[in-house]
Structures are given as structure tokens and as C-alpha cells.
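These notes are about the structure you will find just below.
Chains here go by letter, A, B, C and D, matching the order in which they are written, and residues are numbered from 1 within each.
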């Protein structure tokens, strides 16, 4: 039974924590190419929106949702319960420390790194299976630059990146207004089989 | 076995016919929510890139790829063969005439309408199953305006729309350059069960 | 003495009324090609931000700022006083009625039309001098479509249009975050000398 | 007599060298706030399009157009002649070396730096008058990152930045098609009076 990443943003229980928007979740999950048995690590999981949609695509796999804010951990648990994504495990802490003891992943999603992006990426080779995918979403110039700089320097990875600027169309009484979401860059790194 | 819409643009055999780019195919197919048995009609199929990825998501269903240019029909057949999407049927002609005799669809994709958008959309209710989805990609202001105007006027449809401006990042020797794809609007219309 | 359209958004006194953002004011004023003696009509003047920068470019001319909301009229007057743009006249009412008795314009700026865009544009030829410019900013699909449809149908006008998606970069402690402004379309219509 | 940056792109004599597009020239020149007597240095002048519009805004000042490609120097001279911008001086070479002997500038425009951006920016304080402006256009992630990193580290400068994604509307027979220009980031650095 195929799962389509199509949960509406307002279906998630949200606090003040920023959430990856639906159109971006769709693009990230397509780039993650998740298979039913995949082991997925979601670093900076926030509200858990990506973790949950990843988990629904990997019903026989497992998602480790790393989040350092207590409010985020609560939201991840609340959303996991709401969407019955029993295979999501919320882990309180920061990567890379919080990754200790986790199995080697098929997919690593990085939405926030708490200032440890460089450290995480430099360790990513060990954390990821051959043919595994790292998908990084960047909302700052620094994350984008650093992700490209580090990963393009690793010959064992194929790196692809693009920016997405989504504008939603809001239907008012007699007109349709354009409302921009913030631009986001998506960097996909695939570990080659050497 | 899940199929991920992830064929690279340059894997398709292409002529001079414009092709829906990968990031847009991902968004369109997510909005189309294709199930394995779905009947899909792709109007203005062009090179067949969307038809083929839809077909791979509906291995037990069928895709009717309507295209009025002979060059397009040839490309659809060549790509269908290349990607072994045996459940794609190329149909030479223009909608709505070319839709005669086709089964009622779960999904109608509209990428080009040869000037008949209004006629197609006014007939769409008859062409589509309850809970079926019409996903229109608009690269002109007129298609966007007309699609919204017609479909928002039909109480039996839920209409949602957004614009996507994708910029690919091209890795040169020592830098990463931004290269814009043309902006595209995606309008999704879901037929309600009344 | 040249005036540069460069007032910061937060220098204007603002209420709850939407304001044309600085980057867009720059583009609109460049397209308006204002000369020191020009007569300018700003329809849907809002807070008066465009009126005031236009007035500073036309110190020997005059700007008529049409606005139908009382709150807008107050803001226009407050901003006019703040920026000492004595040649801005706030006119309470809706175009085209409120245009009665005004001199023929060198420049008509249209930022809001209160549902009367078609009527205004159909009368624009009479309101505008030869070589005069109409610059329309559209934030809805309907305004964009209608402006193009009407003005491209008038052989006495040259019509040019583009969309601008601006993302401001917000400098946080250790990073620079992208923050999108809503996309806007700018349509420039120049009346030919026949 | 005010000059409006409004030369059409196809009015410039162009070779294979990339050219800053009109909408971007408008934004850059607005941020440069050029006065009639200003001394302007345009680094990586390319076809000279920005140099020439800057020169027309500074009829009593001077523009030094630095360009390292011989083809560019020829284009700058051809365009300077075509637009009668006698106050543009084309200088063959690379910054910062090519800046030797030039007067201290009111405005430095940086469109290309041939790999010397860091060196140029680290010297910019000496090259620029108090209240002077540096306006950098970035088409790569590296230029954007580096410009922000270096200039935000200098307490004597105010730094402001935004991205502009322009889509031109091309009028075909019965429709208006969206055509994207490549996204560009504009970083403006103003030297404070301390």
C-alpha cells in the first residue's frame, strides 16, 4: 500500500517551532527515495512532520527523530500518536552525540543541526549505508554553503542541489492572492557503491 | 514495491518538445496521489515524462497519453519502451475529442490543452470518478487564470493551487551557480463525494 | 538634485494597510520614469509610500493619491507631512469616479482598484498624456490577467510585464536567513505617439 | 536632468559575456544611490551595461570599468560609444591590482571578481569614501556567502542583502508565458561615518 506525502500542514499539532511545509516535504521525501524497510534518521525533527511522513513510507522500517528542544519532543510524540506512526522514536538531544547507538541509516534527513552541521556531515559516511541518501534542507545561506562545501569535497558522494520558492494561492472572495513561503534549498547526497 | 518519481530529465529521450522538469513531476505526482490500479489520462503528454512516472506508480492501472503532435507521439512511444512502462497508451489527437471512448479516470493530468482548456474542464466532471484528481500545470497566466476561474466555480470540486519556482544549483569548478527553471503553477482539483 | 527611491519600509507610518515594499517601489518607479514636472496619479495609494517617493522624484510636479479607506487617507497625510512631500494631494474615494477633474497624467500608478480595474483601464487612454506610463502592480492572478488582457488589446499601448519574487536576507547571530516577500507582478503600459 | 536606468537589454552590444539584466540593474543602481559627481568603480564590468547606466546617473563624475577579458573591454568601449557615456573609462585587468592609482570611490559595484572577492573586500575600506556604497551582485552561493561573511564582520559597514528572482512575461499570440531569469543576490554595504 503506497503512502503519498500529502498530510496538510494544519493537520499537524504545532507549537511555535518552525515546520517544513507540505510542498517541501514532498520534494524532500522524493529525494530520500524511502523504501518500506528503511532506517531513517531525522536530525532537527521539529514538529516531526517529516519524520511522520517518512515513517508512513517505511512501515516496516524505523525513524529516529532527533530533537533538542523539549517542546519539539512533545510535539513529535503528539503527532506520532495522532498519525499512528508507531515506528517513529523521538530522541531528545543534539546530533552527533544523540546518534550514538543508532543503527546505520538508509536515509539521513537534516532540517536543523544546532550549529553542528560540519561535525554531522564529516561523520555522515559512517552513519550511512552504501547507496544511502542524506537530504539537507537549508533556510540559511551558511547551511547551504557549508553543506555544498563539505559534501562536494567527498568523492564517495554524489551531490545534487536546488532551491524551491513556493507561493501558495489563497482563494479570497473574488480573487486569488499569491502568498510566498520562505525559499528553501534542498541538497541531496547519495553515497556511491565504490 | 513503491515507485519514486525520480527519473532524471536527461534520461528521457527528448526532441524539441518542452518537458515537465523533475522537481515539477515530483510535485504533480504527489498531488495526483496515484494508486496502483488507477486509470490516468495525461492531456498534452509531450515527451511522456509524466505519463511514464505515473504509469510506474500505477503498475496495475493504465495511462492514456494524449498528444496532438506526431513528434510527441514518437517520443512517448520511445520513452515508454525505454522505461518499460507497458501500461502507457499513446493517443494521437486533441482533448476533448481524443478522450472519446476512454474509461472514467481516477486522475487527469493537464499539461497542455491546445486551446481547449475551458472545454476540457467543463467536461471534467463526467470524465472523472468521485474522489478523482485533476492536476493542471500552468506556464501561462491565461491557463492559470482560466483553470482557477472554471474550477473554483464548480461546487463539486475542492481546488488548491501554488506556484513553484525551482532554481537548480550547478556545480562548477570552484563555485555553485543558480540556474532558474521557468516558474510553473500547479492547480489540484479533487472531486468530492457528495 | 536627484532623488533615489530608497526610503526604508519601517520609516513610513503604517497601520494595518498593506504597503508596497521598498524593492518593489524601486522597480515600479524605474518603470514610471518620472520627470521633475510630472503629473502622477496613484490609484489605491494605501499608506502613500509610492506617492511620496514619486513626489520626491517630481518636486515641480504633483501627485494625486487616491485612496478609498479613511485609515489610508490619514496615513497618506501623516507620511506626506513626515517626508515633507508637499506636492502630494490625498483624495478620498474610488477610481474612476475620484479621478473627475484631475489633470491629464504623465504617470498612473495602480496598486489597488477596488474592483474597478477594468473600468479604469478602459478609460486610461483619456487620462494619460501621449508617452505617458501606466504601471500596475498585481498581487492577484485576476489583476495580472485582466491588466494584460485589456492593455494588450489596445494598439495605442506598448505593454511589458514581469514578476518579482524578492527574498530579504535577515542577519541573525551566526547565520543569514532567507525571508520571502510575496511575489508581485509589474505591468508597464506606455502610450505611443501615433 | 534625471537619468532613469531603463536601457533595454537588447540595446546593448553583447557578445558571449553574461550581462546583468535590466531589472537587476535597476535594483543595483537604486542601492548605489549615485549622485551626479560620484566616482564609481565597476569591478567585473562585463559588457559595461551597469557602468554605462551608472555613468548616465553621474554625468559630472567618472566610472572606471574594470574587466579582465579582452572581449569585455571591446564591448565596454563599443557600448560606451553607442550610449555616449564619455565618462566611462575601460581598464583592462583584474581587481585589486587594476585599482592601483584610481581615486577613492563613492560607489564600488562588484559583478565579478575573478576569484579575488575576499582580497577586494578586505581592501574595500581603503578604496571607499565615508558614506560610500559597495553593491555586490552574486550569482553563486560562494560569492553570496563570502560577501556576507566578510562584510558583516566589519563594524564600519552597514550590510543589507536580498535575493531577486525575476520572471519576464513573454506575450505570445494568445497567451503570456512566464520566463525566469536566473536568481541573483544583491548585497549593499554602506560605510558609516564614525
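Everything below uses one rule, namely that a contact is a pair of C-beta atoms (placed from the backbone, for glycine too) under 8 Å apart; a residue touches a chain by one contact, two chains touch by 3 or more.
These numbers were taken from a predicted model, which means no experiment stands behind them.
Homomeric contact subunit A/subunit B is classed as same-residue, with over half of its interface positions used by both copies. If you compare A-C with C-D, the chain pair joined by more contacting C-beta pairs is C-D. The chain with its Cα centre farthest from the Cα centre of subunit D is B. Distance between subunit A and subunit C, defined via averaged C-alpha coordinates, is recorded as 42 Å. Here the CA centre of subunit C is 27 Å from the CA centre of subunit D. Multi-chain contact residues of subunit D (touching two or more other chains): 141-142, 148, 163, 165, 167, 169, 176, 178, 183. Chain contact summary for the complex, subunit D toward subunit C: residues 2, 4-6, 23, 26-27, 30-31, 33-36, 57, 148, 152, 159-169, 171, 176, 178, 185. Those residues of subunit A whose C-beta lies close enough to touch subunit C in the complex are 115, 139-143, 165, 167, 169, 172, 174-184. Listing the residues of subunit D that touch subunit A in their complex gives 141-142, 144-145, 148, 163, 165, 183.
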